[in-house]
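Both of the next two complexes hold subunit A, though its partner changes from subunit B to subunit C.
Entry: the complex of A and B
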């Protein structure tokens, strides 16, 4: 392998990449769009539960429920309460009856109306119901005969929930990596389609040199953008080295995917189709980060899981090498297998 | 005495059940132009691919400049130039950029791209993107690219196919200049006139085998016939064709009788073309 020939090929590939209008426009536009989306999204999470309360008579126990994470506002009438809940001003509304104290004192059950907004989750509905029941017990002087102990599993994120935009960072990184890979795959596919690859291979340029050059082009294009994006959105403020290593491995992974795509595709259009198929598959683990609990263990069979999880853990929780080394090793294993497979199938197409 | 630039020994290649090249042997002397002729599917391109190291022979061997092409592919490829039949240039790059890229792949640091482009008639368009070139200009650039490393063996696959007469003539001149320089040229073509004009020897390939290999002159002598073609006027004023075979014992008498008995209007000699000879040998035309 000759370094000068590899440099010449990489320069040629970069030049052709940016002379392709689609990729020349999509590359800066993509990164700008993701940055805009990121910075437009809220940077914090509102963790408090806002509840409206209509209480013609306020039982003493109910006066004590202003707690951390619970905001209770008094409203003037039950009608106003219903209106405020309907408009989404409160997640739930509690309307106490005027005879609540009399009922408590006479041992009767008072009837309490609770209103929920249409999109209130079942969990919140249950919480409100439990809250009212507990308050009622407190008021009548018969507290629940239980003790509650609380334990937070994993990092205690109370008061510092991860904003959605930060959960989106791994998703954006995968997007950026993959778009550049589609670019690499179309460059290679075009070389095969236009037979320029034949012209390259009847020179002293070796097959190994050719793949090295293509690999450098693919990794540089993908890694450069993803790293730039992560730096701008503050994803590297805690564990920059881990993020860089993960993105580098991710860039190598998608370069291998690019080789596979180029070997399957017969023209630029089919590169796009295969590219979107690969993009969808590789994006799945990102949804698990965005919406915890939505995906199960099988997602670990997707190589990008180890990239997404590493980026998420390191950027959002400050995870160190000890926490992510296994992810990185598995990712490296996937990289080696996929790049090897890509090279093997693509070199058959070059002949 | 010049040595052999190309030696093919029992060169064989097959694709599945189809034998594309069937144990062919030949040699090309340094500084010689060999015209390699045959119809589509005869095995010409497969032969060129084996000689240039793009395909590894299934049997036999190809030796270029004393080097086994299968064992030292890159060493051979550093000393040859290949001009493909189909245009395979980087069309979004200029002519100069294309040449600079390939010069770097050959490890050439200093070369005069403008002089090379002037030589193939592309002066003044060197900085234009190749996508704006005509077919003839692209073909001339392909030839220029194959000359970058001053190759000792030059493979040209249909270099003038589909070109206008000016472009074709420009390329033929370059081929002759390269021969003058001492390069060995392996010319694959369908154009019999071109092969006849340029080649020192021609090889006819048919169904994977070389069916004839000699100088155009010797092939014509061996397989062709020379004749006098005349148009004579009859008594009623009609024009009729007459043919007198040359190189036969009865030729002098036949010529004498033609002039003595007939009213000759026009007369010219005619030689067999390479195409006629190819048809005679193989029973099929070159364009079939």
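Entry: the complex of A and C
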């Protein structure tokens, strides 16, 4: 394997890539578009139910409802409450009657009006009603016969929840990696179709050198874009080295997948079909990060799980090497196997 | 231009063309629709999820299942519920001891353990705790000490996520195949130099492009109808829906043909798609997030396809509600025909 030849081939691929006006302009524009999507998404999580309360007389039990998860604001009049709910300032507005305490004391049921905005979901309406009923129970002194002991499992993120856009970071990273890989696979497929690969192999370039050069090109293009994206969206503010290592391994992984796709595909179009299938499969673990608990243990059979989980843990929870080393080792194992398989089948196709 | 030759070319595209083109145009939108519906349609629900392990046979489980405000799931063991809570599959998991109902009915003090997922939102935790307390009171036969009257203000209605996602799914179905099929077909012919061979026969470039465009239109119209039927959105005004879908399919095919004429290879097409796809699908985000002002959507051409689809399928709209958009859509289609002819002449790759 001649280093100079490899460098020459990598330089040729890069120069072809950037000489192409579309690649040169559209690739950064693509990243910009993803960045725009990221930055227009909410940067925080609303953890509370905003409720307006009009209370000419405030029952003691209702004074205690400034609980976590509830944001109660007092309003001066029932009319102001209705207006605020209509304008969407509150999810619901509770109007207590002036005679509420007398009714409670005399054993009668007070009548409480609850205003909802028209777009409030049915479940929120039910929940507010349940909440008021519970407060009323407390006010009339009917104790609950049970005691609930709470145990929080996993890191308690109360008040510091991860916004959806940050949960999307691994998905964006995989997407950027995979799109470049489809590009690499189609370049290889084109070279096979046009038989330029065979022409190349009659020069001093060896098969190993060819794969190394193509691998370096693929990894650099994929890794460069994903790393740039992660840096801009703040994904590297906590554990930059871990993120970089994970992305590098991820880039190598998808390059191996690219080799496999190029070997399976007969033409550029079928590269896209195989690429689409691979993209969907590799994206599945990132759905598990976006929507925790929706995907079960089988997802660990997908190699990108270890990339997604590492990026998620390091970028969103500040996980260190001790927490993610196993992920990185498994990812490395997958990389070795997939790149080896890709090289083997592609080598057979070249021959 | 000969209609007979266009017909022959169209049949050739359908039956002799690479199968992968057709698979790409049909399977991709279906898979994307399925994934998007599953992922966003069901998972964006903000209902808190409660997991229950019932060590006896408590009525509370049945009562909880009947509630619409929360999602109730049952598990067999404590270790299982701890595992699902830790994974975030439920926000909270409770374990009801044997004889729980008896204790509650007799008013005896009893304790239940609630496992809370660390990433669960504060409001979800509060909702679940209050709901559990309320169910226990119902179980104990306690009568609610208040009368609550719910009053809904304003005329807006809550739009479920499944409905919000329909524009995105329909856009994918119509524009994915509609753009990719003609563009990749043209690029492929360019790459294999078969187009040059074809145009030395009496067949003109116009015949070839029309045949490829028709293929894109037919498939994307078909896919649009399939997706609407699958999403139960084809019931009202089917004739108007087909008209709008056909106009959108024409737009998609025209864009595909323009891209096919301009791009040198598939990789360049894919690179343009990375940005262009986002611009095409932008109006769908207006419907996904109603907080975004609707006028922003009007900047994008696909808005004039999506607006009538939403108006008819979700808002019981009729011709007067969509007429303006349909006319704009027709105008856009005509402009694109002009752009396509101009592109073919300007690129000078073929004689027109």
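Definition applied: the second predicted complex is superposed on the first by the 264 of 351 C-alpha atoms of A that agree within 3 Å, B and C clash if a C-alpha of one lies under 4 Å from a C-alpha of the other, contacts with A are read in each partner's own complex, and residues count from 1 in each chain.
Note that contacts are C-beta pairs under 8 Å (C-beta built on N, C-alpha and C of every residue); 3 or more make two chains touch, one makes a residue touch a chain.
Values in this document were obtained by computation on a predicted structure and should not be read as measured data.
Of the two partner chains placed around the shared chain by superposition, subunit C is the only one that A:179 touches, whereas subunit B remains out of contact. Taking subunit A as the reference chain, the count of touched residues is higher for C when subunit B and subunit C are set side by side.
Look at A:76: by the touch rule set out above, it reaches neither subunit B nor subunit C.
In the superposed model, A:16 lies in contact with subunit B only, and not with subunit C.
By the touch criterion stated above, A:204 is placed in contact with subunit B alone, subunit C being left untouched. Counting contacts as defined above, subunit A residues 20 meet subunit B in one complex and subunit C in the other. Residues 18, 20-21, 23-24, 28, 31, 35, 39, 43, 46-47, 67-70, 82, 84-90, 94, 103-104, 107-119, 121-127, 129-134, 136-137, 140, 142, 144-159, 184, 188, 191, 263, 265-268, 270-272, 274-275, 278 of subunit C are the ones that touch subunit A when the two sit in their complex. On the subunit A side of its complex with subunit B, the touching residues are 2, 4-5, 8-9, 12, 15-16, 19-20, 194-196, 198-206, 351. Residues 52-55, 74, 77-78, 80, 82, 84, 86, 88-93, 97, 101-102, 104-107, 145 of subunit B are the ones touching subunit A in the complex. Across the complex, subunit A meets subunit C through its residues 20, 22-23, 26-27, 29-30, 33, 37, 45, 47-49, 67-70, 82, 85-86, 104, 109-127, 129-134, 136-137, 139-140, 142, 144-159, 161-162, 179, 182-183, 186-187, 190, 193, 267-273, 276, 280, 287, 290-294.
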